[in-house]
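Labels run A, B, C, D and E following the written order; every chain starts at residue 1.
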Amino acid sequence: MKPLLACLLLFLTWLPSLSIAEEDVRAGALLEALDVRSFADKGEAISELAISEDPRTRYWLNALLDGSLQRTHEGRFVVVLNNRGRSWPVEDALTQEDLGEISRRELNRISINNSLRNQIRSLIAVADLYSEDLSLRRASAERLVGEVDEALAEFLAEHIEQETDRRVQQRLSLALAIYQLEQGELDAVAELHGSLNTDARIALSRAAAQEENPLLAQEAQAALSAIEQRLKMNRTAETLYFGLSMGSVLVLAAIGLAITFGVMGVINMAHGELIMLGAYTTWAMQQLLPGQPGLALLLSIPAGFMVSGLVGIAMERGVIQFLKGRPLETLLATFGISLMLQQLVRTVISPQNRTVVTPEWMSGSLVVNDALSLTLNRLYIMAFALLVFMALIYILRRTRLGLEVRAVTQNRAMARSMGIKATRVDMMTFGLGSGVAGLAGVALSQLTNVGPNLGQAYIIDSFMVVVFGGVGNLWGTLVAGMSLGIINQVIEPWAGAVVAKILVLVFIILFIQKRPRGLFPQKGRAAGD
Amino acid sequence: QDPIRVGVLHSLSGTMAISETVLKDTIEMLVEQQNAQGGLLGRELEAVVVDPASNWPLFAERARELLDQHEVDVVFGNWTSVSRKAVLPVFEELNGLLFYPVQYEGEESSKNVFYTGAAPNQQAIPAVNYLHEQVGIERWVLAGTDYVYPRTTNRILASYLQEEFGVAEDDIMINYTPFGHSDWQNIVAEIRRFGSQGKKTAVVSTINGDANVPFYRELGNQGIDAADIPVVAFSVGEQELSGIDTGPLVGHLAAWNYFMSVDTDANYDFIDAWIDYTGDEEAVTNDPMEAHYIGFNMWKEAVRKAGTTDVDEVRDAIYGVTVPNLTGGYAVMMPNHHITKPVLIGEIQNNGQFDVVWETPGTVAGDAWSDFLPGSRDLVSDWRAPMSCGNYNVKTGRCGGSRAAEEAAEALGE
Amino acid sequence: MKLLKEMANRDRVFEFLVPQQSPVDVRHGPILYLEDVSVSFDGFQAINKLNLTIDDGELRCIIGPNGAGKTTMMDIITGKTRPDAGSVWFGSRHNLLEKSEPEIASLGIGRKFQKPTVFEALTVFQNLELARATNKSLLPTLLEQMNGDIRAQIEEVLELIGLKELHRQEAGILSHGQKQWLEIGMLLMQRPRLLLVDEPVAGMTEQEMERTAELLTGLAGKQSVVVVEHDMGFVRSIARQVTVLHQGSVLAEGSMDEVSNNPKVIEVYLGEEA
Amino acid sequence: MWLTQPLYERSTRIFLGVLLLAMILVTLLHLAVPADHPLYVSAYTVNLFGKYLSYALLAVAVDLVWGYLGILSLGHGAFFALGGYVMGMYLMRQIGDRGVYGHPELPDFMVFLNWDALPWYWLGSDSFLFTALMVMLVPGVLAFAFGYLAFRSRVTGVYLSIMTQALTFALMLAFYRNEMGFGGSDGMTNFRDILGFDLRTDETRLALFLISGVALAVGYVICRALVNSKLGRVCIASRDAEARTRFLGYRVERVQLSVFVVSAMLAGVAGALYVPQVGIINPSEFAPLFSIEIVLWVALGGRATLYGAVIGALLVNYAKTYFTGVMPDAWLFALGGLFVLVTVFLPKGIAGLLKQRKQAKEKEEEVPA
Amino acid sequence: MLKINQLNQYYGQSHTLRDLSLEAPKGRCTCIMGRNGVGKTTLMKAIMGEVAIKDGSVLYQGETELTRKRVEDRSRMGIGYVPQGRQIFPLLTVEDNLRTGLAARSDGQKKIPERIYELFPVLKEMRHRRGGDLSGGQQQQLAIGRALVLEPRLLILDEPGEGIQPNIVQQIGEVIRQLIEEDQLTVLLVEQKLPFARKFADRFVIMDRGKNLAEGEIAELSDELIKQYLTV
């Protein structure tokens, strides 16, 4: 890792620049060296570039990293600004002057592979240790764990003192300790004791396995078993999290159905497609607001609700209202609608999946500790699911609409005689259930494919959850979704995904034998007949 | 004069429509182009499109319809193995001609089918060679959807890794998931743990179709970077990537015989034609499309050579036919009904394209029967007379099972 | 009209009224015996230490305020509801708590529900056919053929309940009162040893009430009948022994006169004027 | 006897007559008419009809439980597929050493999986008689086990429907697994002959078509006899008022169980007839959506009529064949639209329409009289 | 208050109400009597709009043609309905059952009038129980209470005493009278029990086979009439 330090020196010593012409000739040569076939040679050239004293080095390295450093057939180095379509806008890599658009046929990429990518990132990381930006420093310290070599170790030992942030300091000393352990220093074991960091654990297990230094091996072994203990706990926590997050996806997918099917009694086979529409709305929003995926996503929440809700209302008005009192027939009609909606999306948009971008703030994970991090997108979805659930409970339990919905579904004729506008209530309820399906779609667009088959993937699970929880009981849906999620995730590690799924289904079948009306059955006389 | 009828047997609805519709469009485009050049043998070409709706028995029914009712001269079609297996008896019975464009598990050689996609030795084996030799991978996760292609490929790979590279059994983790699996949390976590034991680890993915998007998303979110644990996929191409935000995936790999990003004029021409045909500036091309391109051209050449569209004569004429592929080389039809292909390894870029980081020095000939499976090691396939057999056992010297062999034996007996 | 006259002629013994030979052992006392039965729903004590005995051949009226537990008691006897405590015996041989609804029904306990329940998709005739006392296990049911005997039996009942003209109609279209009659008809077809009749005359005219009263008193003696009714006129016209339930247990028992003069009964149930 | 009773009934006679006529007609048009004649029925079409007929039998089985017993089974595809698999195993064994690996006993996929012997549950699969028995027994036993549990604990309504769906879904996932020994996702295919007759000849196809027709007729008569019997009325009674039926002394769960099992067996037979005609059986027959589709055929044709189920199955499948051929891009619109229109405008299905017609006619005749 | 003119109604082919005319004058209680199946319930349903009628008119308050109003609006115009067979909402609590009646009130009141609970104390006691769990008589009380919640001007009662214990039946009768006297409520009552009818109704109408055969003041209801029309 010699270049690492070298590069570092470069960024430290800010040399006065040479004359422009001289500089460009040198720079040209540096870039020229990058355009070789062999990746090994390219690696050398990158190191060369790093220790060159050109101020544009960082710019070139970044361009190289994301593949935008390219060469025209004429041999000119350019940086591609946007690589979609047939012609791409470029700028000169040396002068940064705008060169307009060039056909992609004319361009050759200076390609790198994973190991070069690694190399470049480490180079940048070391430099970042000096950044003003705390988050950059933290990220860079994070990166250096497990990558320390002799030269860097010396430097780090000094640098830690200067660092003001505790987190960065901790990381750096961890990085240092790992290096020291590899060198056989006994003190390092204490530093690593209880650390959940992967590189630390690997270093410890190497130390425990070596035979030259029995004392070290023994100490390392002790440290290691302490770590194992903590890892186990973290794994349990992780599984629980996985279960809850899978559960919240199930709940979200099923909760709309809990209304259209559970409360209104419509066997809504098009529920999946309503979810799909919500997901497509997210995609459309992102198309409308290019470059602002986060805002688009937030706006899709009301938009997705509206779109699916309106389609739901149209379905209700157009078809389902004619099927009053014939619940089984709704299966037939909604199945027909589901086929048509799928094909509609195929013909109007495309049979292919669409890209929905995950906004910055939703990607990555929340790091609890080195062994446990919670993926952000699922965390958000969990919160979203709970929010939607609470809102629905409120609407159905506490508002006039909720009362009217329940009255209409239980005895339509009588409800009308009591002055309840059953038609309107039906419309609103179905719209509400469909709208919630749309919300599920918005959330799912962050997890899975946005394509015509999206709905199909969730319809069966949704019915399963609603029935397992007890038809007509929202709390049942919540508990059912969550418990199925957890059961699945607990079984999966030892049974495999396929068998886990089968076991969960068998479990549901057997469970229903014990409780023929789901987890939370409607009790009492009325439910019996 | 009657037009020459070209059957297209790709699902336009149902779960497979997502992959297959572009192939239907590709054939329609090629037919259109050919007609613009004056057709074939002085006759117009006419594409006959039917929709087997991702339903396997319906595939057989549709195949029969194409051959029996529409009397097509050749069929381009199918994606999944099971659909191919479903139509195979129909093609053999009615002596049709099928060009199958998708990479598959091998272990098959039919007189009536030409396999223009990759056999395992044209994709999987070179890919692990690359990972082992160039990237230094020591630990392997073989993750796949639970069906025949991944099962076969993984079996071949597991035995190949153990025999060729001496990888210990502990260093191979095999994992199967159902079709359309969407909750990858546990598996990705497991991969992460498996990969953090100090040895360089890679994932060889035969995960199919829709399951990929949530898989890659989960990889990205759990912070598995291509630099730590690269994933090399055999079923993820430009088409699949067009539905994913590839930002977090940069550096993950795929092994194919064609990438849209390949820098040749033939390829750019093909892409431009495709964009014009679809009217979509963002339209992408992929490997199976190239396979259809090659297959179509080979068939065309063979028809020219034979001077007729008669199936038997076209078949006899097609062996050895050589046409350019889109990556700057040539594809030859082998007597085992497979073709020669270069193998390319590409890294995913942030624009949904692949950047080729490695390729085989020359082309590789497709192998119907794997050398790494005990049952098929001794089988060879050669459909030219006098062998004329898809599964000739070199040990026993017998041609197993196939109908053609029976016929040959009968003919000899008479 | 003719039928009514016949009905009035109380000497006549209808064939279908002859009780079926049944294994119920009543030599040692009552046909139905409830002891210390209690049941509660979500903490609400609907039946509270209820004791009740019905003798063979007795006609017993049970009255009591709304919610006293009359219907619940019938639910317990027919196996629809399982009590929390207590014992229920049919004759001295059959512990009803161990039996399922069909078993209890085939032992010879028939029931008319408070809210008339008939098979709405079947015709009136078929409703009666299904109710007919016969072997109701699988194969005999599958193989049973309609014959003159059966038809005659059904027609007799049809005439009795005044639905002859409607016998080919689906039961779903009947009016409330007609459904009441149909259900009584089904009960008759069942030829049970013990009839539990929950509010039989609700929605009937005075004359129909009289008819029902005659029918029920005609049954008593050969069969045991338990009637729940709120119509005091009706109860008076048939009652010999009356039991008053209140809050899940027996408040009073005795002849109609005794009971209707009981101040407690007047207070909780009858009101001043009745 | 109760079984022959429907034969004296007008609707059954008409049904059987039409079926017989159709079978004769198809046979004649196939055999006696020259191939270039517009009326000629090709082997392809005969084959197609054979497939439809086995679907029709399946639909009758579903109508029996749904229409008369009120059990909306969303999992009947499972019984159909099991019957199909049993038949598939037999056909697989008939291939003998003509498989690609040339193994004398093991099917190709087992050779490929490195198995060295047949698993126990494949025993007997080379005997046709045994197979014929198992075609009914396997679905029957599964239906019995499932039904026993479900009906005993009084699982009803949508709960039961969704459980049947869970059943078929679980089976689908299980059959997708290669370890199950049924060929995984590829299932079984490439069959050669049945009872020594080559499956790839037109004669065999015609024979299979005729056998399917006969099976449909027999199945129809059995179901008709069942629903005409008193047991049939008990079924309807328990459909509408289960508790009340119990209070009359009928053991409802036994009635449900036995009819459910009969229906599953019929579905199994349908599956067994289906497989040799389409040449493949794989786990997608277990797909819940397929089971839902069967219910749609029945609903479309008219529930609780039996002949309606047949009409529905034939019509929908013909429509599917037709639409996927002529409008491949848009056939789902047509099919979906058909479902919607029929439910909204023909609440009782096509059979309901026929009945209405008949009644209207009777009315007309009555008026002048 | 309510005037029915030449009403005809069919269930499919069967002609249930035949040229039926009758009148329910304001502030009085009109009792409809007749044997089972003569069409009393059907008539009530026709007034509430639950069954379609073929022709004829139903005039409310002398001017409003009810047959042209939507079902929902009829209750909003002040018609309370207690159907035969109770028709309560089985899974709603007693309180919620009562609350459904608030929809039709024009004054937008959100609370259940205390008066209802005073009339039927049992309902207060069981406020949080599901309607379906109540005993038959309790349900009947609930149904009446629910209709009273909307403070109707016309109250339609279809055999209200069915299944209710005698003292409460009396009480209901008294309540009805009280409302008639105090609030000028108009009542249309279907009742089979003569004593009750005699005691609480002002007028009677005898129906047979969908026709109005006789009507008049309740005092005029002679034994002859009864014999003629109400005996089977």
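Note that a contact is a pair of C-beta atoms (placed from the backbone, for glycine too) under 8 Å apart; a residue touches a chain by one contact, two chains touch by 3 or more.
Since we're looking at a predicted model, the values are computed, not measured.
K.L.:
Counting one step per pair of touching chains, how few steps separate chain B from chain D?
P.N.:
Each step joins two touching chains, and the minimum needed here is 1.
K.L.:
Please indicate which chain is farthest from chain C, where distance is taken between mean Cα coordinates of the chains.
P.N.:
The chain farthest from chain C, judged by C-alpha centres, is B.
K.L.:
Mind naming the chain pair that shares the most C-beta pairs in contact?
P.N.:
Highest contact count among chain pairs: A-B.
K.L.:
Among the chains, which has its CA centre at the largest distance from chain E's?
P.N.:
When every chain centre is compared against chain E, the largest gap points to B.
K.L.:
Pick the chain whose C-alpha centre of mass, unweighted, sits closest to the average of all protein C-alpha coordinates shown.
P.N.:
When every chain is reduced to its C-alpha mean, the one closest to the whole-protein mean is D.
K.L.:
At what distance in angstrom does the C-alpha mean of chain E lie from that of chain D?
P.N.:
52
K.L.:
Using mean CA coordinates as chain centres, what's the gap between chain B and chain C in Å?
P.N.:
Inter-chain centre distance comes to 76 Å.
K.L.:
Once you find the CA centre of chain C and the CA centre of chain E, what distance in Å lies between them?
P.N.:
Each chain's C-alpha centroid was found; their separation is 29 Å.
K.L.:
Averaging only over C-alpha atoms, locate the centres of chain A and chain E and give their separation in whole Å.
P.N.:
Roughly 62 Å separates the two chain centres.
K.L.:
By the touch rule stated above, which residues of chain C touch at least two different other chains?
P.N.:
If we look for residues of chain C contacting two or more partner chains, we find 41, 117.
K.L.:
Would you please write down the residue numbers of chain B that are in contact with two or more other chains?
P.N.:
Residue numbers touching two or more other chains: 12-13, 146, 178.
K.L.:
Enumerate the residues of chain E that touch no fewer than two other chains.
P.N.:
Expected reply: 133.
K.L.:
State the interface residues of chain A toward chain E in the complex, per the touch definition above.
P.N.:
So the residues of chain A in touch with chain E come to 400, 403-404, 406-407, 410-411, 413-422, 472, 522, 524-527.
K.L.:
For chain E, which residues are in contact with chain A within the complex?
P.N.:
Within the complex, chain E touches chain A at residues 48-50, 71-76, 81, 83, 87-92, 96, 99-101, 103-104, 130-133, 146, 150.
K.L.:
Of all residues in chain D, which touch chain A in the complex?
P.N.:
The touching residues are 72, 146, 149-150, 152-156, 158-159, 162-163, 165-167, 169-170, 173-174, 176-177, 241, 243, 288-289, 292, 295-296, 299-300, 329-330, 332-333, 335-340, 342-344, 347.
K.L.:
In the complex of these two chains, what residues of chain A are touching chain D?
P.N.:
Spelled out, the residues of chain A in touch with chain D are 261, 267, 269, 319, 322-323, 326, 328-333, 335-340, 342-344, 347, 456, 460, 463-464, 467, 471, 498-499, 501-502, 505-506, 508-510, 512-514, 516-518, 528-529.
K.L.:
Residue numbers of chain D touching chain C in their complex, please.
P.N.:
2, 226, 229-231, 233-234, 236-237, 239-241, 243-252, 254-255, 258
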